[in-house]
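Down below is the structure, laid out as structure tokens.
Read from first to last, the chains carry the letters A, B, C and D; within each, the first residue is number 1.
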Amino acid sequence: MSKRVIIPLGPQHPALKEPESFTLYLEGERVAASNVTLGYNHRGIEKACEERSYIQCLYLLERVCGICSHSHTTAFITAAEEVAQLEIPKRAKYIRTLIGELERVHSHLLWVGVAAHEIGFDTLFMYSWRDREVVMDILAMLTGNRVQYSINTLGGVRRDVSDSQKEEILKAIDILEERTKYYIDVVTTETTMMGRLKNVGGLTHEIATKLNALGPLARASGVDRDIRRDDPYLVYDEIPFNVITNDGCDVFGRVVVRALELIESYRIIRYVVKNMPDGDLTVKAPRKLPANEATVRYEAPRGEDLHYVRGNGTEKPERVKLRAPTMANLASISYMLDGGYLADVPIVIAAIDPCFSCTDRAISIKQIDSGREGTLEWNNLRTYSIEWYKNHGFDAHKIKLSR
Amino acid sequence: MSKEENLVAELTQKFPFLSEKFVIVRARRITVEVDRDNVLDVFKYLYSVHKFDFLSTITGLDSVENFEFIYPVSNFEGILLSVKIFAPKTDPVIKSVLEVYKGAIYYERELEDMFGVKVEGLPAGRHYPLPEDWPEGEYPLRKDWKPKNADQPNKVEE
Amino acid sequence: MLLSLLYIFIFPGILFLSVYGLALEYLDRKLYARFQNRVGPPWFQPFADFMKLMGKEGIIPTHADKTMFKVLPSFAVAAVSVVILYLPIWGTNSLYSFDGDLIVVLYLLTIPTITFFIAGWSSNSLYATIGAVRTITQLFAYEVPLFMSLLGPAILANSWSVSGIAAFYSNNPLMALANIPGFIVAIIAIQGKLERSPFDIPDAETEIVAGPFTEYSGRFLAFFRMAIDIEMIVVASLVAAVFLPFWSTSIGLGIVIYLVKTVFIVFILALIRALMARIRIEQMVNFCWKFLAPLAILQILIDIIIKVLL
Amino acid sequence: MLSLVFPSLFKKPATVLYPFVKPEVVANFRGKLKFDQSKCIGCKICMRDCPSEAIEIFRISETEKIFKAVVRLDRCLYCGQCTDSCPKDALEMTKEFALAHFNRESLRVDI
């Protein structure tokens, strides 16, 4: 008779918004080990890109992910423009930055709601999503759609920002800033939330560096890595902003990092709106791009998004490679789940803000149980877990859970 | 001298076989072509001395006679060094970089499935980016691979 | 005889309980929605849900214990429905009363929780099993504070019957002020009893799908949901009878006061549900034993002191 | 949180009862395509640029240069690339949305 209970979490599960599968090995309420299986969203986008023109690729890549759609297109189009040696107008760069930051605001507010839902706090979920509508409306006003903005085009942007729209943006940002400060207050004072978020899903600085974690996950473990500052693209080298880090190394730290990043994003948006230069929106772009290559890193709301584009002198790219941030953070998930409570699994998974559509564009994963030092065998990890359990005054062997 | 040029000079001094192989594309972008047998030494040196501790991904490319693999590694200064290695299609074998970059396991499995290369030193595991029942010898990202229904027109019929 | 049948089937028996249960469920959902700045369901939504579930196919898993699986929902409804006979609806007299019926009521109220546990266990499914274990763990955590919080008022009233306690506090309304700590404990503990946020741990949907009810469908699920609705009335009536001392001798006004009191309790329950995140099972157990139980003991001490002084 | 939750009992809900209350869409909304027959010169750039092969232009007259456009609403991404590509501005996007239908054939419409 086996002492462990194997719980499938997914591919279809109320806690997960997209199909992916986690296999949890439970000892009582504790997770002894976990496996991640992905690939349910594999759509072969990289192959499909090779058979489309650059403009068509743009709309395909926009649909890699619903939430960071602007990130993927901007990264791709910046790479394509680098391939074509195009210098796009300054105003276009500012508008791309503006949409990118608004998207970050929308993504982080969405994340606050999802995280609240995962810990059973539906009221915060409803309110944060209600306030997210403010930024969604702004995005719809600027681009014509709430999610798939389609504002990028080869050589610039497709829509202009008028003066009255700028005023609307500033007004909305004022509302959002006030609301965000209120939510920071709620999250840091509400006792049930604190109880659920503090000391959950630990990821130390060393492990985060070693497992190549990125985005808010890494920054909440004290890894000072932000592409916007390290490898500036668009106009981020002109904009003053701070990179938020936190040494909490737990889910609460990730909440704090995202919340303060929201405030930084508001600052960036204000700066961009106020300093937007006049000028053209596009430069004339050729249909055929030369044989050249470019790698672009983009700080998406979830972390570094890498696009590699190689042209071959025709209308169609030779190769498009994209690596979404969730992909690089997956190694950390298993690490953070092990040894935690079953009840914390949803929030720990949610804390990396996973986007499995992005990740699965061409990949599926069966992660070997990652342990304290490199790769631990499953049995060692299990023994470790049982011992840990006993030391904390609870012997899993005495529970009869499975039959 | 810019920091990119410094880095190139230093690396050329350490690895003489890399001279003339560096291209400084633009600020913070360097590419280098490395022989596939020496690549691990270069990575170890980059990781330990220059703190290139972040491997973003591994890009595979099918350039008709060769396979090309690009390892974009970066450090905290924001320099992205694209290390390129080549493997002929007749002998598609490369070495695993797992001992330097722990996160590379996914990327290397992807290469095995999508290009049909052999990655030496990669632990045995599940069939990787593709489903378990994917047929042998079908490598989707090779240029000569076409989906089964590729010849069926997807046009609006009239 | 005819009157007994009337009591059992019409008022305050099954018919009244089902209708009022659905009404309270509507009220709870509507309030919850309004607290969240949403519109909320129309008034017939709980009834429509119930009818829809009754019409659906009830699927019994192959590995489940079939007899238990089918019997338990009706058992849960029956157990909670019986309780209402011992609770005062209008005025202070319940339909059937004897000294010590408080204990009977408390034990009858434990039965639905036990049926949830057995239901989860006999479904023979992973999520249901974990939900069942959590249900029973939670039962051990909140049951003692709940019992003790009701014990204090009983000591002060010098009666072990619910109607006796209700009569005492209705005659001496000021005495009820002494029971405020007990009222707080009871309100929190019945959140656990009704498995509502922050204690909705047994059926935490983001973790274990629907807990003990994961495998339930069709009319079996409908009955379980009805049992939960009726449990809400019964618990609200019990707390109202013990802690809220308003009453009237005329039947009409008495029923109105009863409805107001239960609606008030449901309002508080909905407010707490809207304000809290779900906590973990071990945090819940800690909280119940470290805070609720001492507070309930304090209540007993207060009541004993007052009784000695008088 | 109480100060937020309790007053909202008396506030107007934030949600809109959608099918009964039609929301006002933004001015530059990308909805169903509109085609201006008099402007079209039949260059078919829209067909070439469409990412999803949703639009097709047909010549309907033997003698004159008159064209009609057929769009498949089930394929259309509502990206608006065709309106950008069109050299004569014969295509534009309207505010019309909610275009679902029960069968695929009905989604293939002349515009």
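The rule we apply is simple: contacts are C-beta pairs under 8 Å (C-beta built on N, C-alpha and C of every residue); 3 or more make two chains touch, one makes a residue touch a chain.
It should be emphasised that the depicted structure is a prediction, and the values quoted were computed from it without experimental measurement.
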{"item": "Comparison of A-D and C-D (more C-beta pairs in contact)", "value": "A-D"}
{"item": "Far-end chain from chain A, centres as C-alpha averages", "value": "C"}
{"item": "Innermost chain, taking as reference the mean of every protein Cα atom displayed", "value": "A"}
{"item": "Centre-to-centre distance between chain C and chain B (centres being mean Cα positions), rounded to whole Å", "value": "62"}
{"item": "Mean-CA-position distance for chain D and chain C (Å)", "value": "53"}
{"item": "Centre-of-Cα separation between chain D and chain A, whole angstrom", "value": "30"}
{"item": "Whole-Å gap separating chain A and chain B, where each centre is the average of the chain's CA atoms", "value": "24"}
{"item": "Junction residues of chain D, two or more chains touched", "value": "1, 5, 14"}
{"item": "Multi-chain contact residues (two or more partners), chain C", "value": "35-38, 274-275"}
{"item": "For chain B, residues contacting two or more additional chains", "value": "none"}
{"item": "Residues of chain A that touch chain B when the two form their complex", "value": "39, 42, 44, 46-47, 82, 209-212, 214, 224-225, 227, 229-232, 294-295, 297, 304, 306, 308, 310, 318-319, 321, 323, 327-328, 330-331, 362-366, 368, 374-375"}
{"item": "Complex contact set, residues of chain C against chain A", "value": "35-38, 124, 126-127, 129-130, 133, 197-198, 200-201, 204-209, 274-283"}
{"item": "Chain A-touching residues of chain B, taken from the complex the two chains share", "value": "25-26, 28-29, 53-57, 59-61, 70, 72, 74, 76-78, 80, 82, 101-103, 105-106, 110, 114, 123, 125-126, 128-131, 140-141, 147"}
{"item": "Of chain A, residues touching chain C in the complex", "value": "5-8, 13-15, 26, 29, 116-124, 126-127, 130, 190, 192-193, 195-196, 341-346, 401-403"}
{"item": "Residue ranges of chain D in contact with chain C within the complex", "value": "1-2, 5-6, 8-9, 11, 13-15, 17"}
